[in-house]
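Okay, structure first, notes after.
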Amino acid sequence: MSKTKVVIYGAGGYGGVGLVENLLLHPEVEISALVSREGAGSSYAKLYPHLKGLIDLEVENAEGFNPTNRGDFVFFSTPDGVGQTLAPTYLAAGYKIIDFSGDFRFNNPSLFKAYSAWQQGEMDHLCPQFLEQAVYGSPEWNRKAISQASIVGNPGCMAISCLLALYPAVINKACLLEHTVLNVKTGISGAGKKLNPNFHFPAADGNMFAYKIGQHQHLYEIEQHLEYWSGEKVAINFTPHVVPLTRGILSTCTLKLKPETDGKTLVQHYQECYQDEPFVDVETKGAKIELSQVRGTNLCKLSVNYIARTHSLIVNSIIDNLQKGQSGNAVQVMNAMLNFPETTGLGTIPRYP
Amino acid sequence: MSKTKVVIYGAGGYGGVGLVENLLLHPEVEISALVSREGAGSSYAKLYPHLKGLIDLEVENAEGFNPTNRGDFVFFSTPDGVGQTLAPTYLAAGYKIIDFSGDFRFNNPSLFKAYSAWQQGEMDHLCPQFLEQAVYGSPEWNRKAISQASIVGNPGCMAISCLLALYPAVINKACLLEHTVLNVKTGISGAGKKLNPNFHFPAADGNMFAYKIGQHQHLYEIEQHLEYWSGEKVAINFTPHVVPLTRGILSTCTLKLKPETDGKTLVQHYQECYQDEPFVDVETKGAKIELSQVRGTNLCKLSVNYIARTHSLIVNSIIDNLQKGQSGNAVQVMNAMLNFPETTGLGTIPRYP
Amino acid sequence: MSKTKVVIYGAGGYGGVGLVENLLLHPEVEISALVSREGAGSSYAKLYPHLKGLIDLEVENAEGFNPTNRGDFVFFSTPDGVGQTLAPTYLAAGYKIIDFSGDFRFNNPSLFKAYSAWQQGEMDHLCPQFLEQAVYGSPEWNRKAISQASIVGNPGCMAISCLLALYPAVINKACLLEHTVLNVKTGISGAGKKLNPNFHFPAADGNMFAYKIGQHQHLYEIEQHLEYWSGEKVAINFTPHVVPLTRGILSTCTLKLKPETDGKTLVQHYQECYQDEPFVDVETKGAKIELSQVRGTNLCKLSVNYIARTHSLIVNSIIDNLQKGQSGNAVQVMNAMLNFPETTGLGTIPRYP
Amino acid sequence: MSKTKVVIYGAGGYGGVGLVENLLLHPEVEISALVSREGAGSSYAKLYPHLKGLIDLEVENAEGFNPTNRGDFVFFSTPDGVGQTLAPTYLAAGYKIIDFSGDFRFNNPSLFKAYSAWQQGEMDHLCPQFLEQAVYGSPEWNRKAISQASIVGNPGCMAISCLLALYPAVINKACLLEHTVLNVKTGISGAGKKLNPNFHFPAADGNMFAYKIGQHQHLYEIEQHLEYWSGEKVAINFTPHVVPLTRGILSTCTLKLKPETDGKTLVQHYQECYQDEPFVDVETKGAKIELSQVRGTNLCKLSVNYIARTHSLIVNSIIDNLQKGQSGNAVQVMNAMLNFPETTGLGTIPRYP
């Protein structure tokens, strides 16, 4: 059987190179085009010398790239606003699509509009007609819908980190949702490859800070799911922080339980909920989870802690923001869309230390 | 006037060397003895070569050190259990005391016992008769008591970071205390100088993790103060995290406000509360605060954010854990105990980057 | 065909876990025993949680481990002195051996003795009769001997980094050997997993230093090869440095050329010498080489620079010290010893950033 | 006596803020103007929030800044080409000048031209008439000339690091100069505040590389001094490297000694040469020197090692690149120019860890 041909649009950024790294190990697909403004016209290995000898493609300029007959599947590893411009053309040309931005993460245009206001400036969605058919790319609860979708919005890295930590509690109606407090610590690659005075090495080394306190755009993704799962409209507290490391997210989710919730049973719900998931691992006995356990892999590890003295649940969640938080999850989703086993190509052995 | 003679007991650790660094710049005191097991018998500058040429004392062995006529003031920069063993002798010899451990942070022995169970093993306090006269070393609300005290418990680094962020809200009875969620990110020097596999450079570099989730000993210090200030007995949620940097603490405190609390007024309370404090600086307009602004100084910076959509207050607090979180605060307290201006000797200019 | 059964002796350290990570991806071998003092009796995945779900072996205690019928191939990932104690037994039991220490890197006992004096204390070799048959594990010039060897000494990480940079120049008799100056910068994992005050995170972060100036034990390995290749006995200058990163070595080798050497021709010799090597890549046009290009891979990248104004050659060499500097090279050597293609199992895709 | 009024031109960069930090502690001078393009029109503390409350000046725009009656002393903390444009005006207005670029480090225009070709593009010097009167800012050998100078070129950070390590050997004619090999490891702040893809945190973290191999512009500064001191024209080998830390330079200087040089005597020459220097400390017994010993101070520490087996001298030199390598040395030089004790204002106590 011939391999699926994959176009990576936005191949110049961290999302793009993460896809390339993952897909080079994937037996069922081949990369047919790398499209980017950055590095256009020269070899991809010149842009990313660590791939010298491993890939032999040239970067094609995004301006004027014609997708016809170039592939079957496309990743838009691009900022908000790009995917929604390109999607109609690619869908018409028969592509299945995974988009890395917020463009296809919401099921209604007004939520996208609110999101965009916190992100890069309020905008109306350009192809709202696709929002209904677009699926949020979390196989853990959307597996079936993903397998039938033509267009999937790959989750935000902080959002998926928190959502995986919240899902079992919320679907079990175990907590007082409005008291949910999310604290996220992200490594700096989460901000992408674009230069930024905050992330100049001398500025970032030994430094940390909170940002977008209470108004980070990923919050809308999270609250949308809380509403799906609970049927309640809710606003919660969310603070993202930047810490001086390259890869990884550690989210600490504090949930106030309903008086009637039994802590021990809830912890079991977490285990049962994820017991068949290939990329979610639940620790419940206080086993230490730390970022170095997931670096370079598509794994999300959860540590689920019932705190009797406050009748709360504190769930820690760790992921590699560029894998389960971005390109690794995207490959898992692609596998689901193409009916490959979800783990295909994602069997990397992590390195320690 | 002759200078106050200061003994540093436990001079070998990070707390001790921080005191030495600070006191070398202090015009009113002189270090009269450096006492430690580590390095005993050789010069202090051999133990800490960055101080070569700046201090000429030899380390005296803690075993058998006789404090009589050696000084007027002593810092116990020692683990739990040491200060309470030594205090009676030093008080009898006329010393004023600042202790760096949990030994004198609590006003009753049962709270100390609960604290110790989470720290290094449950123990009964050895000189409970001193707990009542001991003062908690936060000049921001204990200034007068400190000036009259003979023995002060220097706050825990995470505790003081959070307490400064909570104090104005709690004394103004602005929040629903039981929904308070504290998330603390600490640099690795907070764990001290003792070797530990978690803090071996290859293990800690690029890594992060939460620990003692819901049961960190500093929680008792915090809750004790919430009770003082509010008159309510309350249990709150607290999660400490280690991040890969050397110095600093960033605490994110999420407070659910009472329905009747006015967010804007509460923010003003923060400004008013600290406007005359030399070492607390309040930002309220969303100005970014980051660790690099306080590294090497005794300053605590707060960013106070009212979140209308959740009717919550999110307060960020940054300190240098070895300064305002330890030896800098101790010098401020010493100044108060000795009736020097509190800022004496603490005028370091921080370095950037 | 059945897989080769591999015993890893010393599985608890960084060398051991690097072998496990590499061999889990190797199609022709299976790990049959993990032997270590550390962690003995519990699962390997408990010792190294990043491998949870990937390996299901228990750590067997080194004390009393009986190799008979346990495997065909053994790695001694152990300190000096261990391999030479174990080798006779394992050879008698039919094993082929790769040793990670200095025990089998020298072809005569007196050189080992001199080496050990600089390493952990002068010692006489315990099985000098094996030194002659032992082969130095550098396929780049010992490929044939390795394929026939029963026992191979895996190179020191700094040594192999420099030797690959020196080899083409020396065999071409291009330089005045006695003016060779080697400067090596190593990441901290090179010092192993053992706790050390120098490598406590707060001590190592933002710090760097030179050590064992002019008397690092790897110098003997290097000089031994210079003598083989040139027929001259020579002493050279070598300074190792520790820099604050986890993985990697950057060696800068400065060679004073003979007056009659043509710089351009010499650069070509480097290209020709390594053109068929799967794990050595030569850059000659000033293309930047940096550690991030080889992290996690078995690759050595060289940048070869002729400096006309000093008639010198400056060769930069970068490797991952735990891969080409240790377990990756060992797998390459094992492949040669077992007549597998040398690249088998070493096709990891590196991750960036 | 009234204080000397100091203008800092180029106050926006790392050199500028280092000057501000140092001068805020200086009892004899006051900062009268901060001039910069970056941040012009707003308060300096907004540009550098760590100085909030410590300095109350506004940044004045470099465009159109008129120095008349604004001060007595100026620092040009600016790139090559700026100081030579401004110097005539400031000298005419009665200022004494310290320039941080290469503009006044050379005593003849052709050397500047060669230097500039390796730096930012070959240029002719715009005021060569001042080169002869300009003094190189190293008090260690130019103290008297500096005290009489109106214009001083502050040394390059790598250059001064190496020159202090070379000076005693060269003036004692102890080595074969042409075999000198310099290897410099610099922290990233040495590249300044300007954003650069190499120094984006994810790119720089855990990474290192050599650059400008054999052709770094600081080499001309070094060779110029070797020629002064020895009377010989010489070309030497010099390789700079970037390592992942913020502040500091570690230089390793390998000197081949003349056959007649006595190693022990040479080591004594180092001690004698610097015994009265306030900011150079010589270790000769193998005492470890490491960057953390000098971070934040104006100190240069040297470790002088005679290597008998190669009859060589290996000198390690560590400085804080932003202090002894830049603004600290500049304040020392200013003190010499203004007849203050050289140590005035430079008594910072370094912090550990």
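So that you can tell them apart, the chains are marked A, B, C and D in the order they are listed, and the count of residues begins at 1 in each.
As a working rule, contacts are C-beta pairs under 8 Å (C-beta built on N, C-alpha and C of every residue); 3 or more make two chains touch, one makes a residue touch a chain.
Small disclaimer: the values here were computed from a predicted structure and weren't measured.
Among the remaining chains, B is positioned farthest from chain C, on the basis of C-alpha centroids. By count of C-beta pairs in contact, A-B exceeds the other of the chain pairs A-B and A-D. Separating the CA-averaged centres of chain A and chain D is a span of 46 Å.
Centre-to-centre separation of chain A and chain B, using mean CA positions: 39 Å. Contact of a single residue of chain C with at least two other chains is seen at positions 14, 187, 189, 202, 205-206, 244-247, 288-289, 292, 295, 353. Residues 14, 17-18, 21, 24-25, 48-54, 189, 205-206, 246-247, 281, 287-289, 292-297, 322, 348-353 of chain D are the ones that touch chain B when the two sit in their complex. Residue ranges on chain B touching chain C, taken from their complex, read 14, 187-189, 193, 195-197, 199-202, 204-206, 244-247.
By the touch criterion stated above, chain B contacts chain A in their complex at residues 178-179, 181, 183, 185, 187, 202-203, 205-211, 213-215, 235-237, 239, 241, 243-248, 250, 252, 254, 256, 286, 288-292, 295, 303, 305, 307, 309-310, 312, 314, 316, 318, 353.
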